[in-house]
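Per-chain numbering from 1; labels A, B and C assigned in written order.
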Amino acid sequence: MYLIKEADKKIKVSLFITCLVDALFPQVGVSMVKVLKRLGVEVGFPEKQTCCGQPAFNTGFRQDAKLLAKRFLSIFDRDEFIVSPSGSCTSMVRVFYKELFHDDQKTSNMVELLSTRTYEFSEFLVNVLKVDDVGATYKGRVTYHDSCHALRELRIQDEPRKLIKSVKGIDFMEMKSPETCCGFGGTFSIKFPDVSVSILDEKIESIIESGADTILSTDMGCLMHIGGALNRMNIPVKTMHIAELLSNR
Amino acid sequence: MENIKLSFEKDSAIALKNIKLQRALNKAIDQFRNVRWRAVREFQDWEQLRVSARRIKEWTIDHLDGYLEMLEANVINAGGNVHWASDANEACEIILDIAQKHKVKSVVKSKSMATEEIELNHSFEGAGIKVVETDLGEYIIQLANERPSHIIAPAIHKTKDDISKLFVEKLNTPYFNEPEDLTKIAREKLRNEFLNADMGVSGVNFSVAETGTIVIVENEGNARLTTTVPRIHVALMGIEKVIPRFEDLPIFLNILIRSATGQKMSTYVSLITGPKRNSDLDGPEEFHLVIMDNGRSKILSNEETRESLYCIRCGACLYICPVYKKVGGHSYGWVYQGPIGAIITPQLLGIDKASDLPFASSLCGACKDVCPVKINIPRVLLELRARVINDKRVGARFLLRIAVKLWRFTMENTSFYNLALRLSYILQKPWIRHGRLVSLPFPFSRWTKKRDFPAISKIPFRKQWKEIKDLEF
Amino acid sequence: MISNSREDILKRIRIGLHRLAIVRGGNEYISKASSSYKETQQKLEIIRRNMIEKKSFLLDMFMNEVTKVNGNVFIVKSEDEIKHYVTRLVEEHDAKSLAIWESGFLKQINLREFLEIKGLGFVSPYSKEQMAEADIGITEGDFCIAETGTIVLITNERQPRSISLIPPVHIAIVKSDEIIENSKDLFFLLANTVGESGSLKNLTSCITFITGPSRTGDIELSITLGVHGPKELHIIIYDS
C-alpha cells in the first residue's frame, strides 16, 4: 500500500459530495473520507455546498443552472483538489460548465482553472495519487458498470477496474456491454419512465448473467436506478459505490 | 407539414408494447453493432479519418455558398440542369414540373431521405403519376403504406412472415417465406417498373463541387437502374451534401460505408457527372440536380447547432443508441430518427412541433463516440432543450417552471437546503416500506411504478462529517 | 412566377455565416490541397511502381476480398484461357444472348467474334428491352482496388453502363497490373488521369465501383444476392 510520506507536502482535498450522496447515500461520503485519510490526504468539506446545477442544465433551465454554477465556483474557490464520488457531477463541472459559460469570458476563465483541479474519486486515486491498491479486502464476485458520464465525458475506464482488481479476495468479472447506459439519464427516467425502465431491464439481465453478487460503479445515480429495479424484483445483487468497496477492510 | 405535432411519449409507448418489433430490433442491432465494430477496428487510422472528415465538413459548411455555386457551374458544364428549392413545396413543384413537361407517366425512385422529407410521392400521386420505390426495403414499406423505420434498413421492423403476407395480399403471389424467394418476386416486379419508367428520382450521398459529380452508394443496384434506364434522371440533395474535391471522396466513402453497414465498400458506388453524352450508348438523356434548403440554412445560421449539418446519414448513431434500440424509428415521428432525428427534426420542423424529441435521450453520449463526423449530439440536444424551455409556444410548462425555481431557490441557500432535507425526511415516512420508498405520488410515481427509491437518510453526510472530520481511520 | 430561390438560398447562407459577400473558399481549398505538378507526378509514379512491384501481394489481397463478397475470381495466363473461361460460364448458364463492351482489350482478343462463331447472339445496350433479355454481360475493369475487392468501370462511348448491371450474370475481365492497393490511391490516380488531360475536367458521365454481386439485407438482415443487379459476378484476371 502506498502512503504519502510525512515529508511530502500533504495533499489537500475539498470534498464535492453531490446532493445525491449527501441526502441519500451518506455512507458513500464517509467511505470516501476513510480511503482518502488512510492515504494521508488532508480532507475538507466546504459546508455551504449544495448542488452543482446539473439537473437544471440537463432540463434546459440554463439561467438557473448558471446561478448554481456560479455559487459552486464561489464555494470551491480554495486552491485544492476537488474530489467527487460521481463521474456525472464531475463532468458537469469539468465539461459542461464550459458549455454553460461559453459566452462569458470572465466566468469561463474561472471554470477553466477550476476544471483542472476537479476529479472523480477513482481517477483521483489512480491518476493523481498514483495508487492502485488501497489495501482493501472484499469477499465476493463483483462486476462494474461504466457510468456514461465517467466513461464518455471523462474517459474513465481503466481506473476503477485497476482499483477493483487490486482489492484482496475479490472476484471480478465483466458483464456483457458494461458501457451501455442503464437508462437513468436524470429527469429522463421520469419523463419517459417506460423507455427508461426497458433500457434498465437489459442492464439488469447483463448483471444477472455475469453471476456477480455485487454491482459497482462510480456513480450513485446509476446505482440508485439499477438498485431500484434489483430491489423491486427481489434480485439478490448488492449495489455498491466504489468508495464503499475501497474502504472495506 | 404545418399541422404536425409529434409525440415521442405516445409513439414510444406503442413501440415498447410491440413484442415483434422488440425482437426484430434486438436482433438487428446486436448484429449490426458487431459488424460495424469490426469494420472500424480493421481500419488502422479510423480516428484520423474521422478528424479529416470533420474538418472537411466544417470547412465546406463555412464556405457553403461558394461550393454550391461551383457545383452548379460544373453540373451545367457537364450538360446537366440545376434547380434551387427554398422549401419542400418548391422542391416538389420543380420535380413535378419536370415530369409534366416530359409527359412522364411512371417514376422509379431509389432510396432517398430528402425525397421522404418533402413527401415527394404524395405530389406525384396527386398529379396522377405512378411512383414506385425500388429499394427492396422501401418497396416493402410502400406496399405496406408505412414509414421507414431506419435510415439504412427501412424495413427492419418487419419479419419475413409479415412480408410474405404482404406480398400475397398486394402482389397476388403465393406465400413464400424465404428471403430468397421474396427477393426474387420483388426483382421481377420491379424490373418491369424500371423498363416502363420515364423518369428516375434518386437522392445524393455526396456531390463534388470541383467536378459537378453526384455520388450514390448502394448495395442492391436499384439506384444504378434508376439513374441509367429511364430517360430522365432527377437527383435531389440538401444543400449540406456538397464536398469540395474529388479526392475527398475516399475519406467520405470509407466513413460512410463502414459506419452504415460495416462493409469495407458497398456493392455499388456510382459517380455520375451530367446526363449521357451524345456518344454514350446508354444512360439518361437529361440530368437534373435539385438543390434544396428546406430549413437547413436556418440550422447553419446558428453556431450552437451548426454541426447538425455535418451529418452524412450513416445511421450509426441509431444503432448504438439505447433509446432507439427500445423504441425503434417510428417513435421519432418523422423521416429522421434516433439521435440524429432527435436533433434534426426539431430544427427542420420547428422546435414547437417536436418539443419532446430533445428530451428523448438519456444523454449517455454513445452517439457522439460513434458518429464518423464527430457530431456532439448530446451537446446539441442540451442546446435544443434550452430552446424548448425558452419557447413561449410550448405550453404546459408552468408547473415545471415553478418547481425548478423553488428547487433552485432551496439549493442557493444552505439553511433552506438543510431544512428541505429535514422536511423530506419527515414527509417521506408514510411511503416507506422496508426502508425504501415503493410508491410515491405523481410525478414521482413515474419512478416508483417499476423501481424502488432510496429513503432520504436521517443524518445526511454534512451532519456525519462533523463527527468524522477529526477522526483517524 | 420566376423563382428567386437560388439567390435567396445563397443569401441566407451568407447571412447565416455572418458574411456579406461570397468567399470563394472553394478554389482556395482546392488549390491549397492539391500539390504541384512535379509532386503529383512523383506521387503517381510511386503508386504505379507499387502496382508493379507489389503485384502478387495485391493480386492475393484482391482475390481474397472478391471471394469474401461472394464474387468469383479466376486467374488466367493467356488469351485462350480467357476464352476458355468465358465459354465455360456461357455453357454453365446455358446462355443464348450476350452483351459485351466494344472496349480496347476485348476487341484486341476478338472475344465477341470468338463467341459469335460459337453461335451466340449479342444485344445492343441501345435498347433496354433487348438488354433485359441478355443472359450475361461482359465488360472489362479499368482499375481494381485490392483492399476492398472492387472493380472500377469508366463509362464512355464503348463502355456502356447497363452491361454490368442488367443481365443476371456479369463477367469482368481485368489485368493484373491494374490493381491498386486502396481507394485513396485510386482516387488520386483517377483525379490525375481521368477527364480532359488528366485534370478532372469533363469527366465521363459515370464511373462505377462494383464490389461483389448485387445484395440486400432488407429482409430480416439475411443476405440475399441478385436483388436488382447481377446475381453473379465473375472476375477473370489476366496475368500475362
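One rule holds for everything that comes next: contacts are C-beta pairs under 8 Å (C-beta built on N, C-alpha and C of every residue); 3 or more make two chains touch, one makes a residue touch a chain.
All values reported here derive from a predicted model rather than from experimental measurement.
In terms of which chains touch, the assembly is arranged as an unbranched chain of neighbours.
Two chains share more touching C-beta pairs than any other pair, namely B-C.
The geometric centre of chain A is 54 Å away from that of chain C, both derived from CA atoms.
Separation between the centroids of chain A and chain B, computed from CA atoms only, is 33 Å.
Touching of two or more other chains is recorded for no residue of chain B. Note for the complex: chain C touches chain B at residues 3, 5-6, 8-10, 12-17, 22-27, 29-30, 33-34, 65, 69, 124-126, 128-129, 131-132, 145, 147-150, 155-157, 160-162, 165-166, 182-184, 186-188, 190-191, 195, 200, 202-222, 224, 226-230.
On the chain A side of its complex with chain B, the touching residues are 17, 19, 21-26, 29-30, 33-34, 37-38, 43, 45, 47-51, 53, 55-62, 64, 67-68, 71, 96, 99, 148-149, 152-153, 179-181, 183-200, 202, 224-225, 227-229, 231-232. By the touch rule above, chain B contacts chain A in their complex via residues 8-9, 12-13, 16, 322-323, 325-327, 358-366, 368-369, 379, 382, 385-390, 400, 404-405, 407-408, 410-412, 414, 417, 421, 424, 436, 438, 443-444, 446-447, 449-457, 459-462, 464-465, 468-469, 471-473. Interface residues of chain B, counted against chain C in their complex, comprise 24, 27-28, 31-32, 59-60, 62-70, 77-78, 84-86, 90, 134-137, 140, 153-156, 158-160, 163, 179-180, 182-183, 186-187, 190-191, 195, 209-213, 219-222, 224-225, 228-229, 239, 244-247, 249-251, 253-254, 261, 263-277, 279-283, 291, 293, 297-298, 300-302.
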